[in-house]
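Quick one: structure below, then a few questions.
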């Protein structure tokens, strides 16, 4: 069988649209007759909007001037003013903060995927001794409280030169993300039929070959999911960043945004609101773009399908 | 042909073991992949160095007394006995139990309801609404903490302001300053974020329930609530176990919110174990004591995590 | 995949890992002979920009010789980071150290370099405020450089006092009478913003000194008295009494320092016992407010003389573990920091008052009230004292701050608070 033949056979078996390989007849629910209820939809919509109100309030506040906020804290910002954003951008040195967060989150996510992808495969296929034990061994990392490890981690990182420079924290995040990514990848791989591996191996593919030529092309959605989730997690992480990064040129937004609670910034309400939103903007954008994978990946991996 | 060179190499691997080795063992070993083990080496070493070793070091440190600058002195289990007598620790411990009890029920329930409602075919735009509910989970607790500090501010915050505006002024509270209320104010923020996550985790389970079941029940005269309790709930039970375990582990670690919103105040009314450990280690420089507290947190997490691991790791059906 | 290819990939992976690690290790290396030092600063919300400006000015002035890398973080996080910063790579060569008990912690840990050499070499002996220098002395050696002398007093709104017909209190009894009168008129006598826990100690310490004189308090600091002694319990009692009488604006434990400016500018509160940075904070929210604010020293009990708290702030230490070259560079930076030029910048930014006695305050465009305060500070002879957070070690201070939050809330009795702090002291 030629390689392209194998690939096309794979594609016919695995539905491309989802990151989750569903079993049996639950592969796709037949499209039901639309029975939309206007009241139910509107009610649900209102509930959701109310639920998100604090976030909306922050958004509003960031676009108002101080005087506006004092007079009418809940009104809509018409017309919107951007002064707060400009000030947040400059006084907090947002470009540096955002850049650092980007390095940490993107770097950490990439390293995490690169490292976890192969080992998840081999564990899922039981092609390493004591695969189940190894799996559990890695899962222990999921429940480690951050505060517990932070000081020794600092000493260890420092002794191998990883404390201080961003790269150190990137590597640390890459490793700390292993348990979670492992969960998602392993679940995903288990859903890929072994027959595909076997036929590839009959063709003379080595394990790495199988990984690269068969599994990888199918894993787009899963990889996307993990990348996005790890990116968001690392971007939002605080304690490790605060302890392991000594000097402010290296700080990510979670640390750099803390001073907004100080009086010098706090005398105006729009400044903290704007600063927070700028700090979270990348994750929000990423989420909007990739939310399909985020939600599905979580459900598939963490719960086990 | 392309296959033959590699093919012959593989055959050689199988033939090498001596005749004394049983066939079964040979077949088993043939399944092992040297490449696989190679891929495992670096991550395993890194994992041990960066995760396992610090855990062990902290556990060891818990038996000493040090302030980080002086050489540690051995005190055995003193740190642990000290915990029992420490008023602040007991408060943090109780607070953590309350916190965990709430997070294990409220956001889980809310998430479940959202997942159920936002999967009902009656609602238009489900995917969008689900995405919106999940939005807070993409934000850091530091951000949410600062945001809600502004909301909860008793003099100028949005919450009291809103209550006053709609005539419910008598309901205004000192959300962050009242020792009886502050813990609940904080957990509300956590629940707000976490509900979205729970919803996402319940999503797949609910989506896998065939619609025909609901339709049949409806034909039989069951109303919405009955359908929920008799069809949805039993089906999500496995997911619920996992969600709750995850929630508990996250709660036991909770730190960011307390740090940003109240620093444990007033007078430890909102202190959680995770935060208390931080205070002892970094602020008071009782590193040994802090380490002991961390060990306690870990042990509590272990109990719950075992449930989770057993659930996920024994999914045999998954593999073959 | 062929064996050769596999080996090549593996080699590439190893090489890149090693390369990355090497890059990480050497990231701190300086180039071209400029001595780079790390300065770890603490953000307070007042004058942070001035601090940054001083660093920039120094870097310009000494371009080619020295370069200061400044890292600044808020107070709470600064406390967290200090351990890891000092014991880690890229440790600061010059850093903020507090005075009193907290400074002593650092000295005991061996991170503070004795500075007597620099004091005489650079002339700080003559330039700097005498009290500041004595506060910097531990066991006969000087370990930090005070760059600011601060005080605390009762700040009040003169127009409110005038409107209510209240004269400046000269005794505690008069102060309490004034408070009662204000309360009756619907104005909160005191704005106590205790959310960050540190403001109530100013009230407490002043009450102790006002009722008993500074010697009694300093005995406690020296370990010669107990927290459970009557004078200290009485001070807590007064805080609790004022709370029960409703003399504080709103709920003190939920009002942050930054928030306190709002009721002030709205005229909803009349007094605040605060450090002398308070007018600068006010100016940030309402520049007209500083024209109207005034102070009076916390009144003593009748028959006694009031003592104002004066202490060293913005204290800089040089890292004992840095090598001589970096210590010298740090000393050059500190020297610039206390020069008339830099001190003027600092003062204009709101961090008052300069510790360099050669600074002419009248050239600084300071509000009149601050000049008046500076004059008063200089005129005070005799003993003074430092608030709890500075005077005691971190552990004791934290327990004190927590317990006092409870007293303000009336969830902890004064006796209980005293016992708690004494217990922690005994455990040292």
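What to note about this one:
Going in written order, the chains are labelled A, B and C, and every chain counts its residues from 1.
The working rule: a residue touches a chain if its C-beta (ideal position, glycine included) is under 8 Å from a C-beta of that chain, and two chains touch if they have at least 3 such contacts.
This one's a predicted model, so the numbers in the text were calculated from it and none came from an experiment.
Distance from the centre of chain B peaks at C, each centre being the average of the chain's Cα atoms. Comparing chain pairs A-C and A-B by the number of C-beta pairs in contact, the larger count belongs to A-B.
Taking the mean of the C-alpha atoms as each chain's centre, chain A and chain C sit 40 Å apart. Chain A and chain B have centres, each the mean of its CA atoms, that are 15 Å apart. Annotation for chain A: residues touching 2 or more other chains are 151, 206, 208, 258, 261.
Shown for chain C are the residues that touch two or more other chains, namely 80, 259. Under the contact definition stated at the top, the residues of chain B that touch 2 or more other chains are 68, 278.
Chain contact summary for the complex, chain C toward chain B: residues 76, 79-80, 83, 87, 105, 108-111, 194-197, 250-255, 259, 262-263, 394-395, 398, 402-403, 405-406, 408-409, 411-412, 420. Per the touch definition, chain A reaches chain B in the complex via residues 20, 22, 26, 29, 32, 34-37, 40-41, 44-45, 48, 51-52, 54-55, 57-58, 61, 73-74, 115-116, 118-119, 121-122, 124, 126-129, 132, 134-136, 138-153, 155-157, 171-172, 175-176, 178, 183, 187, 190-191, 194, 202-208, 232, 235-239, 254, 257-258, 260-261, 269, 272-273, 276, 279-280, 283-284, 286-288, 291, 294-296, 298-300, 302-305. Across the complex, chain A is touched by residues 1, 6, 20-21, 23-25, 27-28, 38, 43-46, 48, 69-74, 77, 80-81, 84-85, 88-91, 256-259, 261, 281, 284-285 of chain C. Of all residues in chain B, those touching chain C in their complex are 67-70, 87-88, 153-156, 174-179, 259, 262-268, 278-279, 282-286.
Per the touch definition, chain A reaches chain C in the complex via residues 151, 154, 158, 160-165, 167-168, 206, 208-209, 242-244, 246-249, 255, 258-259, 261-267.
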